[in-house]
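Got a structure here, written out as C-alpha cells. Questions coming.
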Amino acid sequence: MRRSLHDISQEINQQLLPSYPTPNTTPDLDRRRRTGIPEFVLAATKPADEVMDLLRRLADADGRALATRCPQPTIARIQERLSGSYEVVIDEEACAVVVAQPGCQLPRAGGQIGILTAGSSDGPVAAEAAVVAREMGAGVVQARDVGVAGLHRLVAPLEGMVAAGVDALIVVAGMDGALPSVVAGLVDVPVIGVPTSTGYGYGGEGVGALLAMLQSCAPGLVVVNIDNGVGAGATAALIANRMAAARAGQR
Amino acid sequence: MRRSLHDISQEINQQLLPSYPTPNTTPDLDRRRRTGIPEFVLAATKPADEVMDLLRRLADADGRALATRCPQPTIARIQERLSGSYEVVIDEEACAVVVAQPGCQLPRAGGQIGILTAGSSDGPVAAEAAVVAREMGAGVVQARDVGVAGLHRLVAPLEGMVAAGVDALIVVAGMDGALPSVVAGLVDVPVIGVPTSTGYGYGGEGVGALLAMLQSCAPGLVVVNIDNGVGAGATAALIANRMAAARAGQR
Amino acid sequence: MRRSLHDISQEINQQLLPSYPTPNTTPDLDRRRRTGIPEFVLAATKPADEVMDLLRRLADADGRALATRCPQPTIARIQERLSGSYEVVIDEEACAVVVAQPGCQLPRAGGQIGILTAGSSDGPVAAEAAVVAREMGAGVVQARDVGVAGLHRLVAPLEGMVAAGVDALIVVAGMDGALPSVVAGLVDVPVIGVPTSTGYGYGGEGVGALLAMLQSCAPGLVVVNIDNGVGAGATAALIANRMAAARAGQR
Amino acid sequence: MRRSLHDISQEINQQLLPSYPTPNTTPDLDRRRRTGIPEFVLAATKPADEVMDLLRRLADADGRALATRCPQPTIARIQERLSGSYEVVIDEEACAVVVAQPGCQLPRAGGQIGILTAGSSDGPVAAEAAVVAREMGAGVVQARDVGVAGLHRLVAPLEGMVAAGVDALIVVAGMDGALPSVVAGLVDVPVIGVPTSTGYGYGGEGVGALLAMLQSCAPGLVVVNIDNGVGAGATAALIANRMAAARAGQR
Amino acid sequence: MRRSLHDISQEINQQLLPSYPTPNTTPDLDRRRRTGIPEFVLAATKPADEVMDLLRRLADADGRALATRCPQPTIARIQERLSGSYEVVIDEEACAVVVAQPGCQLPRAGGQIGILTAGSSDGPVAAEAAVVAREMGAGVVQARDVGVAGLHRLVAPLEGMVAAGVDALIVVAGMDGALPSVVAGLVDVPVIGVPTSTGYGYGGEGVGALLAMLQSCAPGLVVVNIDNGVGAGATAALIANRMAAARAGQR
Amino acid sequence: MRRSLHDISQEINQQLLPSYPTPNTTPDLDRRRRTGIPEFVLAATKPADEVMDLLRRLADADGRALATRCPQPTIARIQERLSGSYEVVIDEEACAVVVAQPGCQLPRAGGQIGILTAGSSDGPVAAEAAVVAREMGAGVVQARDVGVAGLHRLVAPLEGMVAAGVDALIVVAGMDGALPSVVAGLVDVPVIGVPTSTGYGYGGEGVGALLAMLQSCAPGLVVVNIDNGVGAGATAALIANRMAAARAGQR
Amino acid sequence: MRRSLHDISQEINQQLLPSYPTPNTTPDLDRRRRTGIPEFVLAATKPADEVMDLLRRLADADGRALATRCPQPTIARIQERLSGSYEVVIDEEACAVVVAQPGCQLPRAGGQIGILTAGSSDGPVAAEAAVVAREMGAGVVQARDVGVAGLHRLVAPLEGMVAAGVDALIVVAGMDGALPSVVAGLVDVPVIGVPTSTGYGYGGEGVGALLAMLQSCAPGLVVVNIDNGVGAGATAALIANRMAAARAGQR
Amino acid sequence: MRRSLHDISQEINQQLLPSYPTPNTTPDLDRRRRTGIPEFVLAATKPADEVMDLLRRLADADGRALATRCPQPTIARIQERLSGSYEVVIDEEACAVVVAQPGCQLPRAGGQIGILTAGSSDGPVAAEAAVVAREMGAGVVQARDVGVAGLHRLVAPLEGMVAAGVDALIVVAGMDGALPSVVAGLVDVPVIGVPTSTGYGYGGEGVGALLAMLQSCAPGLVVVNIDNGVGAGATAALIANRMAAARAGQR
C-alpha cells in the first residue's frame, strides 16, 4: 500500500502545470573558467553517494576534483568504489579527498603562498587551505606553532617565506586570533586571516578570534569565516597565480 | 513499594480541588475550517506513539493527516502499525509521513506555487514546504540549485514558473541567503524567503541567511523562521488557493 | 590652494583607465512594471536635496512618488520647494510624503487589506504600511489598540475586516509580539507580522517581538523586519491587488 | 607507581597550611525552615551515587527528598538501591524522583496553584513545577494544550481554576511565549511565566519565549528562566501556602 | 495645495469598504476590576497631550491615575494644565505623576511590601515600583544601598521588614545582580528581582544583572525585565493585597 | 495643590509599618580597612551635588577621596565649591578628581606597577587605572602606543619596567586586544588586561578586545571589564602593595 | 591650590622608579616601507589638534598624509591652520583630508582597482576606500547603485572593469550584503567585501551584511569589518600595486 | 594507487620553493623560565599520542609535565604506555594527568592560595586550578559549597584562609556568579573569579556567571574565561610564589 508521496505529487503536477527539469545537484562545471576557482565539493552535509557522484562528474570534466570536510565513512566509500578507475589521494589532516583521472597531474599555475598557524589545533584548517591552493596550481610553504604566546618562534619562518617570494599569506589562528594582526604589521604581502573554532568559554568556537581579526589595527588584513580554509586557500591562490601570470607576461 | 507519584497527587487533588479534565495532546480539529490550514503534527519532539495517535485521530476526522520532521524510528513504527488500515506515504527527503483513509485523494484547491532552492542542502526544507502545500491542495513546481554564485542558472526556471502562473514563490536558501532578494527584485509574485540551517562559522546555522532576508532591499519579500518549511508551504498555499477561488468566482 | 581631491583623482583615472559613467543615485524606474511595487524613497539617511531630486524624477516618470521616514527638515524643504509645481501631501503619523503631478489620482488596483495594531506606539509603522498600500492602489481598513492584554477588544474589528473581504492582514505589534500569532490562529487570510521597536530592557527595540513572531505556532504567519512598514504594506497590497485582478478575470 | 595526585598534594598541604574540612557536597538542611522551600537535588550534572547519597541524607533529616532532572540510569540506580529502605516514587514525565521514609506523607500546607501549558512539549516542565509544589504541600490543578493558536480552548479551564481559588498561576509556554501575557491580562491572580526550550530556528531553545514574557505588556506577570519548573513551582507554592496560612489565621 | 493624505485615503476607504471606528488610544478602564491592577500610562513614548488626555479619562473613571517614565516637559505640561481641576502629585525620583480627583484618597488594600536596592543608581526603579504599589493600596518600606559588596549593611533592614510582616519583597540591583539571590536564600517571602540598566562594558545596561537573576540558585526568586519597576510593583502589591484580604477573611 | 507623593506615602507608611532609616547614598567608610581598597565615587551617573557630598564625607573621614568618570560640569562644580576648604586636583585625561584635606599627602604603600597602552585612544582608561593606583599608594610607570601593529616599540619599555621591579602589569588595549597576550607570554609578572571601548563595526565597543583577552593562550593573564580602569588599577595596586609589605617584613 | 595630579604623581614616580619617556601618540613612520601601506590617521576619536599634529609630522616625513573619518570641526581647523604651508585637499564624501607638501604629487604605483556599491548609502565607505587606494598610488574606477534588487544594472560596469584590467575589486554593500557574493561568482579577480552600517531593525547596522558575506558560497571573497573602507582600499591597492610591479619586472 | 596527497605536494614544494622545517607541535620549553608558568598540555582537542609525546618531551626537559582536560581514553593510554618509565599520577576530578621522572618532587615555591567553590558542580574547575597551582609549587587550601544561597557557610572557611596567609583567592562559581563579588567585598586579598559552565536556560553555560563577575561592584576582582581553571591557578600561583620570594628576600 506504500507509494512514494513524491510519485503521487509528480502525477498531479504533471496534470496541472508545465514541468521544469529539476535534476539533482549539478556541479557548476563552468566555474573554473569564469572565476579561476574550480567547484569544490563540501562533503560534510551530503550523503556519501552524492559526494562520490559529484567527484566523478567533476573529474571526468576537469581531470581532477576535490572534496573537503569528508566524514570518515565517506572517505572509505570513495576509496573503495573509485580507486579502481581513478587516482584517489587522501589528505588526512584536512579530511579532504582528491579524485583524478589516471595520470592527470596537479596544474602548475606558478603562484606561491605561505601558510602560518598559531597553534597545533589550527592544523586541519591550514591543511584544507593548502590542498585547495595546490589543486589550483599554487605552491605552498607552511610554518606551524608560531603563535603570539611565544613570538620568538615567528620571525625566522616569516622572513624565509617573504624572501622566497610568496605573494599571499594565510594566517590561521584560534582563541585570541592575534597572530594575523602581528604578521600584517610586519610584511608587505596581503594577509588573509582565518579564525579557527578552537577555544572554549566565552568567545570560544572561533568567535573571539574572528572579532579580533575584524578589529585588527593592521590595515593589510582581510578575513574569511571561521574554519573557512577553502575560501582562504582559493583567494590566496587566485592572487598568487595572477601574480605569476603577470610575471610571465600573460596578464 | 513503588507507586506512581502522579497517582498519589491525583488523589490529593481530588480531595482538595475540583478536577478539570486534563486530557493528553488534543489535535485542533477545527483549524482547517477556521484558518484554511489543517493541523500538522510536528513529530520531532514527540514520542512515536503520540505521533501515531495524533495522525490516526486527524485522519479519522479529516481523511488525511501529515506529520513532519519524523525521526527514522517514528517513520518505521507508523509504517508498521498503520499501513494495514490506512494508506501511508513517506516523503523521504522531507522526513514527512502522510496517513490517509484508503482511497482518500489529495484535495485539489487549484492554487499553484513555485519553490526555488539555492543549494543542494536546502532540499529537505523545500520538500517539507512542498508536501505541506500539496496536502492543502496546491500544485507545486520546483527548481533546484539556482543560487547566486551562478546566477545564469536562475533565469529560465524562474521565467517558466511565472509563465505557468504560480501565485506565490518560496525561495529556500542558506549561507548568504541572497537568492530571495534577487528573485523578489525580478518578479511581481509575492516571495516567501526560508533561511536554512546550512553554513558553518559565524552566522552559521541559518542566522546569516535569516538576517540577510530580513534586511532585504527588495520590498515584496516576507520571511519565516530558519528551516520553517511548514510555515512557508502553508502560507504560499493559502495565498495561491485563495487566488484560485477568486478566479473560480468563489471568493 | 584647496582643490577637490575628487578632481585630482579623476584626472589620474582618466589617464590610466577607461571611465565608466558613475552617476549619482538613480531611481529604478522599471521596478513597478517588473515587480508590481514602485520604487519608494527611503529618506532617513539621504540629504534632503537628494530626496527631493529623486521624488521629482519618479513623479515625472510615474505620476506619483512616495518618500518614507522623512526627517522633519526634509519634509519642510520638500513642501517649500515642490508645492508650487506638484501636489504635495504629508502623512504626519507615518513621516511620509507623496509628491504627485497635479491632478494625478491614486491608482485603484482594487485590492483590500486590513491593518491591526497592538498598542498606540505601533501607530507610525502601521501608517507607513497604509500609505504604501494606498500608493499601490489598495484600500486599507485599520483597527487600533487591540493587543493581547485585553483580547476582548480584538474580535469585532477582526470579524468586520474578514467580512469586508480583506485579502491580506498586517498585524503590527511590539513588546511581546503576541498579537500576530493570535490573529493567524483565528482567520483564513494570510497574515504579515510587523514587529515594532517599542519596549525596553532585554529583547527591547523590537527583538522580543520579532523572535516571538518567527517562533509563532500559527502556520499562516509570515514576517518582515522590525519597523518595516514599507515591506509589509507592499507585500500585502501585492497579494490583495493580485486577488482583485483574479476576481476581475485579469489574471 | 600510580598514586593519587590528591594524596600527594594533601600531604604537602598538611605540612604547609592549617587544614579546613572540605567535605563533599553538603545539603543545606536548614533551607526549608529559613526560606519555606526545601533543598532539592538537581540530578542532571551529578553522578548517580552523589544524587543517591544526597537524597538519603535529606530524607533522613526531613522525611522526604526530591531529585529533579534525573537521567534514566540515575533513576534506575536509585530504585534498585533505595526502594528496600525508603518509599521511592517516580514522576516519569518530570524525570523526578521522590525518596521518603516509609509512611511519611506529603505535607498539606493548604495552598492551591494552577498550571497551564501552551503545547504538548511543555508537559515535562509543567510536571516538574507540579511535583515541586506538591512536595511543598500545595495542591495542583493543570490544564494542557491551551496555547494562543486556538484561544477558544483557554477560557473554560482558566475560569475553573480561578473559581476553585488558586492563589498563583504557572503558565508554561515555548515558541512564541504568548500565553502568559494573555492569561495575565484576564485574571487577578499572580502569574509566573515559564519559557520552555521548544522551538527551532532563530529564538529557538526558549529564547524567543523568554524575551516575549520579559516584554509582556501585562503588568502582573513575573518570569523564571527557560525550563525552570523548579523555580516556578517553588515560588507559586510559597505564595499559595502563605495565603492558606493567612486564611487559617496563622500569619 | 497641501491636503492631508489621511483625509484623501479616508475618502477612498469610505467608498471602498465599510468603516470601523478606529478611535485613538483607549485606556482599558476595565483592567483593575479584571486583574486587580489598574491601567497605568507609560508616558515615555507618547506625546504630552496624549498622556494628559489618558490621565484625565482614567482619573474621571477611576478617581486616580498614574503615568510613569514622564519626560520633564510632559510633567511640566500636566502640572500647568491639570492642577486647576485635579490634585497633581509628582514623584521626582520615579519620574511619575499621579492625577486624582480632588479629595480622592489613596486606596488602602492592606498589603505590605518591602523594597531593597543594591546601589544608589537603582533608586529611580525602586521609586517606580513603590509608587505603583501605593496606587494599588499597598504600604511600602524601603532600604537603600545594601548591595553585596558590603553585606553587613543588609541584615538589619531585611530582618526588620520580615518582622513587620511584608508579604512580598522587591530587590532592585544592577551590575552583578547578586543581591536578589542572597535575599531569596535568607527569607521565606516571595522575592521579585528587578535588574537595572546600570553598569558599563560587557553585560552592561542591565544584561549581566538580568542573567544573574535568571540563573539564580535560590528557588524562591522570580524576575521582571530590566528597569521594569511597574511590573515588580504591581505583582508585589497584587500578592500582598491578596494576603491582606485573606487575613481579613475576604478571600 | 501640589504635594509630594513621597510625603503622602510616608504618612501612610508611618501608620502602617515600623519605619527603617533609609538614608541617601552612604559611602562604605570601612572598605579600605577591610579590603585594602578605599571606596571610590563613580560620578558618571550621579548628580554633581551627590558626588560632591560623597567626596566631602570620604575626605573628612579618610583624608583623601577620589571620583572617577566625572562629567565636565561636575568637575567645574567641585572645583568651584570645594577648592576653598580642600585641595582639589584634577586628572584631565582620566576625568578624575581628587579632594584632599589640606596637607594630606598621597600614601606611600611602596608597591610599583607598570601600565602599557596599545594605542592613543586607550589613554584615558590607563590614566584612570594610574590615578586609582596612586591613591592607593603605589608608584606607576607608563608606556604608550606599543600595540602589536608595530611590535618593535614594545621591547624596551617592557624590559625597563621589569628591571625596575614592577609587581603587576596593566595592559590596556582596544580593537583586536592582542597586546596583553603578547606581554603575558614574555614576562613573569601577573598581567591584568583591560579592553577599551575603541573600534567600530562588529566586535567594536571593546567586545572584540574583551573576547580576545578571555581567549588568550597566555595563562598568566586575568581580565577586567571593558574600560574598567578602576578595577585594574585597584587590583594591581593591591598586589604590588602586598609585595612591598612582604619585602618590608610586614606580611 | 589646584595643582595637576599628573605633576604630583610624576614627582613621586621620579623618586621611586626610573622614568621611561612616554611621549604622546607617535606615528609609525616606518610602516610604509615595512608593509607597503603608510600610516593613516583615524581622526574620529582624536582631538583636532592631535590629528593636525600627526598629519604635519607624517607629511613632513613622507610628503603626504591622510586622515580619515574627520569630524567637520576637525576639517575646518586643519584647513584654517595648515593650508598656508601645505596643500590641503578635502574629500567630502569620505570625510577625509589629505595634507601634502606643496608640489608633492600622488605616487603612481601602477595598480588599478575597481569599486562597486550596492546602494547610495554605501557611497562614503566606497569613497574612503578610493582615497586610501589613490594615496597608495593605485588608480580607481567606480560604479554606483548596482545592487541585487536590480541586477540588470550590474553587468556592463563589471565587464568594463574587468576588461580594463583591474586586479582587485572592492564591493561595498549594506542591508542584505548580497552583491559581493554575486560578483565573486562572476569574475576571476579577488573580491574584498565591505559591509556597511546601513539597514535598520534586526541585523541592521551592517551585521546582516557582514554575516552574509562571511557565509558567502563564492570562494574568492574575503571580508573586512563593517564600514572599514580603509582596510579594503589598502589591501586592494597592495594587491594591485604588487601586480603592476610584477608586470614591470620589478618583483 | 593511493598515495598521500601530502607526499605529492611535498615533492612539488621542494621543486618550487625553499623548504622550511615544519615540525609537529613543539612545546615551548623556555616558557617556565620566561614567565614563571610552565607549558601545560591542553589535551582535549589533541590525539592521545600527541598528548603523550608532548608530556614525555616536557618531562624529560623539566622533570614534570601536566596535561589538563584529558579524555578518558587519553588517560588510559598514558597510564598504559608511560607508567613503566615515569611516575604517572591522575587527578580524577580535574581530568588531569601528571607525568614525572621517577623521584622528581613537586617544587616548593612557597606561595599559598585559597580556592572556594559555590556549588558542587564547580568542583572539577577548582580541581584543575589546584593541580596547576601545585605543579607551580604553591600550596592550596580549598572550601566547597559555600555559595550565596546559604551565606552562613562562607564566613568560617574564608576567615581561616585569610588567617593562614593565602596571598591569592580563586573563587569558582557558575549560575549567578555572585560569590566572587561577595568575597572581594570582604577581604584584602586579590580575588580571581572563575565562571563555570553550569546552569541552563538563558545565560547558561557560564555566560550569566561571567557577565556578573565582569560587572562586579567589588573593585579587587579580576576574571578569567569560563571554566579556565588553568589560567586562574597559574595566575594565583604566580602572585603567591612572588610573595613568598619577597618574604624570603629573594625579590
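A, B, C, D, E, F, G and H are the chain letters, set down in written order, and residue numbers restart from 1 in every chain.
Criterion: a residue touches a chain if its C-beta (ideal position, glycine included) is under 8 Å from a C-beta of that chain, and two chains touch if they have at least 3 such contacts.
Just so you know, these numbers come straight off a predicted model, no measurement behind them.
Set against the Cα centre of chain B, the chain with the most distant centre is F.
If you lay the C-alpha trace of chain B over that of chain H, the rotation comes to 180 degrees, to the nearest 5.
Rounded to whole angstrom units, the spacing between the C-alpha centres of chain E and chain H is 47.
Centre-to-centre, using mean CA coordinates, chain B is 29 Å away from chain C. Rounded to a whole number, the gap between the C-alpha centres of chain D and chain G is 56 angstrom.
Multi-chain contact residues of chain B (touching two or more other chains): 31, 149-150, 184-186, 201-204, 207, 210, 214-216, 218, 225. Listed by chain label, the pairs that touch are A-B, A-F, A-G, A-H, B-C, B-D, B-G, C-D, C-E, C-G, D-E, D-H, E-F, E-H, F-G, F-H. Residues of chain F touching chain G in their complex: 79, 83, 87-93, 96, 98, 102, 106, 108, 112, 120-121, 130-131, 134, 139-145, 149-150, 153, 156-157, 160-161, 163-164, 198, 200-204.
Remark: chain G residues 1-6, 8-9, 12-13, 16-20, 22-26, 28, 30-31, 44-46, 50, 195, 197, 206-207, 210, 225-228 touch chain F in the complex.
Across the interface of their complex, chain H is touched by residues 118-119, 147-151, 174-178, 181-182, 184-186, 199, 201-204, 207-218 of chain E. Remark: chain F residues 31, 34-37, 40, 165, 167, 184-188, 190, 192, 210, 214-216, 218-225, 230-232, 234-235, 238-239, 242-243, 246-247, 249, 251 touch chain H in the complex.
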